[in-house]
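Encoded as structure tokens, here's the structure I'll be asking about.
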Amino acid sequence: MAFVRNTWYCAGWSKDFSRQPITRTLLGEPLMLWRNEAGEAVILSNRCSHRFAPLHKGCVQGDTAACPYHGLKFDSRGQCVHNPHGDGHIPKAAHLRSYPVAERAGVVWVWMGEAEKADAQQILPEAHTGFLQAVEQFSVATGHLEVSGNNLLVMDNLLDLTHAPYVHPKTVGGAPEDSVEAGMQVGIEEDDRSITSTYFCPSMKPTPQLRPLFREEQGDFRVRMRWQPASSLAMRLSMTPCGQADGSGVVLPLLHLLTPIDEHRTHYFFALGRNVALGVPEADAEMAEFARRAFEEEDEPMISACQAQMGTSDLFSLRPVLLQTDVANVKARRRVEALIVQEAGR
Amino acid sequence: MAFVRNTWYCAGWSKDFSRQPITRTLLGEPLMLWRNEAGEAVILSNRCSHRFAPLHKGCVQGDTAACPYHGLKFDSRGQCVHNPHGDGHIPKAAHLRSYPVAERAGVVWVWMGEAEKADAQQILPEAHTGFLQAVEQFSVATGHLEVSGNNLLVMDNLLDLTHAPYVHPKTVGGAPEDSVEAGMQVGIEEDDRSITSTYFCPSMKPTPQLRPLFREEQGDFRVRMRWQPASSLAMRLSMTPCGQADGSGVVLPLLHLLTPIDEHRTHYFFALGRNVALGVPEADAEMAEFARRAFEEEDEPMISACQAQMGTSDLFSLRPVLLQTDVANVKARRRVEALIVQEAGR
Amino acid sequence: MAFVRNTWYCAGWSKDFSRQPITRTLLGEPLMLWRNEAGEAVILSNRCSHRFAPLHKGCVQGDTAACPYHGLKFDSRGQCVHNPHGDGHIPKAAHLRSYPVAERAGVVWVWMGEAEKADAQQILPEAHTGFLQAVEQFSVATGHLEVSGNNLLVMDNLLDLTHAPYVHPKTVGGAPEDSVEAGMQVGIEEDDRSITSTYFCPSMKPTPQLRPLFREEQGDFRVRMRWQPASSLAMRLSMTPCGQADGSGVVLPLLHLLTPIDEHRTHYFFALGRNVALGVPEADAEMAEFARRAFEEEDEPMISACQAQMGTSDLFSLRPVLLQTDVANVKARRRVEALIVQEAGR
């Protein structure tokens, strides 16, 4: 499986981690996710080095997790610290692969590559994740979805939001006549660290999702979608009264964090914030429901249907016809390819 | 996948095609089936050339079908005629593969091979399909079934009807003691265009299906099953009072049109006519139910069980023991093989 | 598929065989299991040599089984004895592969390898199977389970019973503090014909399964698990009042007979006897239920979870960390490997 490995992937939201282990497969590897006694998020291989039993089904006691098959105990660095059988000898090789973890603003990041290269500087900057905990400014909903498609197909979907009027006309997109046909302006910005798609629709009707939050008939609608390798997308969506300064109206910061399960499935972690109707439970529920419908009932079926029609082929090998609106996602795919080649030392 | 491609396959009954597109996979290719404004049946690749989205989920407007993902529009020849994004430029390669189609007597035929070789002369002659619309002479029921077996296994089943007394004793076959053991005569005829199996059982009890239509205790039972490459089977079944001329009693014309879905599944389109009880709804319902039971509950489970026990192996590679009654289907298989070799230019 | 073939495998319990054929896949081969008129167990290939139809769906008459597709009849040695079609000629090759069978004490054994090497001397000795029919001494319950794991993983599970306190604390194992941590002694014995694991726990609390049969607070608990190639495991479990001679208390003889379905699934035939509460229906039901829970709800999920985490890889290719308690199963695996190599003539 060809993935960028020397990068930080979202392994889950902070609330997914507790003393009770769960399992989650990332980049083809089954992992055990839990918290040690100090409350630190721990990510270890979920395959016992003895008989490959699933460790998350065992018990956690203090800082150790016990294998449910023969009772070997491993500490939170993956070292076997107890063999209950015979003379208790612990073979040298009896340790689990352990992965560097960093927890920031409610996100647990994991480094699936060479541990010695794990560099906290490369974590998605707080400028993009800070809203998750800025409770005075934003109300936030988070979610998690498994998409039956390669992670790059999900990235393509997010870096080319011109699909919104077709896939999401009743949720997070407007109708074609309100956005695309009304002259939506699409741009792209790029630097060493990121690629950003921008969209501007002056005097657009608010999308169904925005209607309860933005009560005017029309407004200026702006979206920025910033991709940072390997697969973090930070989004900012705003709607202002026509002609007024960006930020003066409704602002929705979003995160889309993609982590490969394997070559044909992807963990899709999403978060949505809003700077209005703070702390209003009905607004929370409505925003979460719009996101669920858009991502789970609209995006996911479309991406998985494309994947199904592509079979196991790589996108470029099928010679897709590319449009101007694919510039951002093609650039991002080229960067991912370069990173994979670089890691392989080719 | 090894299939004859330069031939006409049944893509569906005329009634399967409407303004609302559907998808159907033929010879491994997902297709979109619909009708343009003029009412003509249209068959295009169902994979958008941009991102491989399933086009049948989009909207048809006039003579164009719009992709449900990003709104590209294609006309009924597969040409992209509208890109709603940016400056609207349409890349040269933005067209869908389009397949030659011919509609005759309620059957929609498609040519899956080289379009320039599509030759309407090769369509199954009206002599065999005419009954479908000869409402003065025949009442007709049609059906469609997906068989979990290679198309040649279904063809084998139809070209060797000696299975009928074993598989269908309570529907379309008689009991072994009434047919096989009573001396059923099996023959074979052959010409450049076709191979025909014939069966004659003098003084046989009518099969359960025939009993309501042929009220005598016994009759002369005749069946002709004519195969034309690649996979059209036209059948004629008759029962006359003993000793009387063929055609003087009940005549049932049938069609069995087989189209590969892939190597291990087959579309089975069938039609049954009868020259008696014309326009009697109870007879229609009964005839359709007998066919459904025979094909869906008796043939299909047998063929799919054989396929399952063969795995992915080709029939001949497993060295089957062949009987005299396999002559017709072995001849037909040899012709199919020769056509595949010829198309491959080997 | 790499299996030992020149050996006797359990094909089923005697009660599984009747005049009505059933099908069961052993070592990747679909078989038809039935009894001929003399009541002898018969095992033939379930694939008709004509069109590979599943023979178990046909009819048995006297000593012949008829194919449900075209009516060919085969006798109980697999020879085709009737072709109902044409001149009735029976092609020379029209016979089914037939397998040597031996029925002993309620077990039907089958030899899946070279028939001429089938040697009844190699059948599991009566010393280990006799309890099945020693109704004066033992009450017995039998069962059959399909495990989603390679047969060697099931063998490993049985030859290293140190998993019992972790996987079965509420059924057939004691709690860790009552067995492992209380100093269970594990031994191994070996001869040309077998490998035996032994376990001795002096002064142990009875396991939940034993409590209704052994009413004292503590007792000496002994287990012997004897493996004979390729995959027969005969077990003897006893609990005596502390310090008394082995056999003076409760004795449970057990059989675990493993037959590969394919590389990743295994037929698990088990039998449990007890020398107490003879003929007490409640004790029968309770013993059967304990076994079902232990094997079906505890062992099977653990083995199939290990198999799932191993994918299609062989155990040793994944470089497991081995413990002292793996000595018996590693020795057994080495013997199985040697037998496979020897049969392949490498």
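A, B and C label the chains in the order they appear, each numbered from 1.
Heads up, the rule we're going with is that a residue touches a chain if its C-beta (ideal position, glycine included) is under 8 Å from a C-beta of that chain, and two chains touch if they have at least 3 such contacts.
Since the model is a prediction, treat every value here as computed from it, not as a measurement.
> Chain contact graph: line, ring, star, complete or other?
complete
> Call it same or different for subunit A and subunit B: same when shared residue numbers make up over half of all numbers used at their interface.
different
> Can you give the whole-Å distance between the Cα centres of subunit A and subunit B?
Whole-Å distance between the two chain centres: 48.
> Two-or-more-chain contact residues of subunit C, please, as numbers and ranges.
Residues of subunit C never touch two or more of the other chains.
> Which part of subunit A faces subunit C closely enough to touch in the complex?
30, 46-47, 49-54, 57, 66-71, 80, 83-87, 89, 91, 93-94
> For the complex, give me every residue of subunit A touching subunit B.
Contact set of subunit A toward subunit B: 156, 160, 162-163, 165-167, 176, 180-181, 186, 302, 305-306, 309-310, 318-325.
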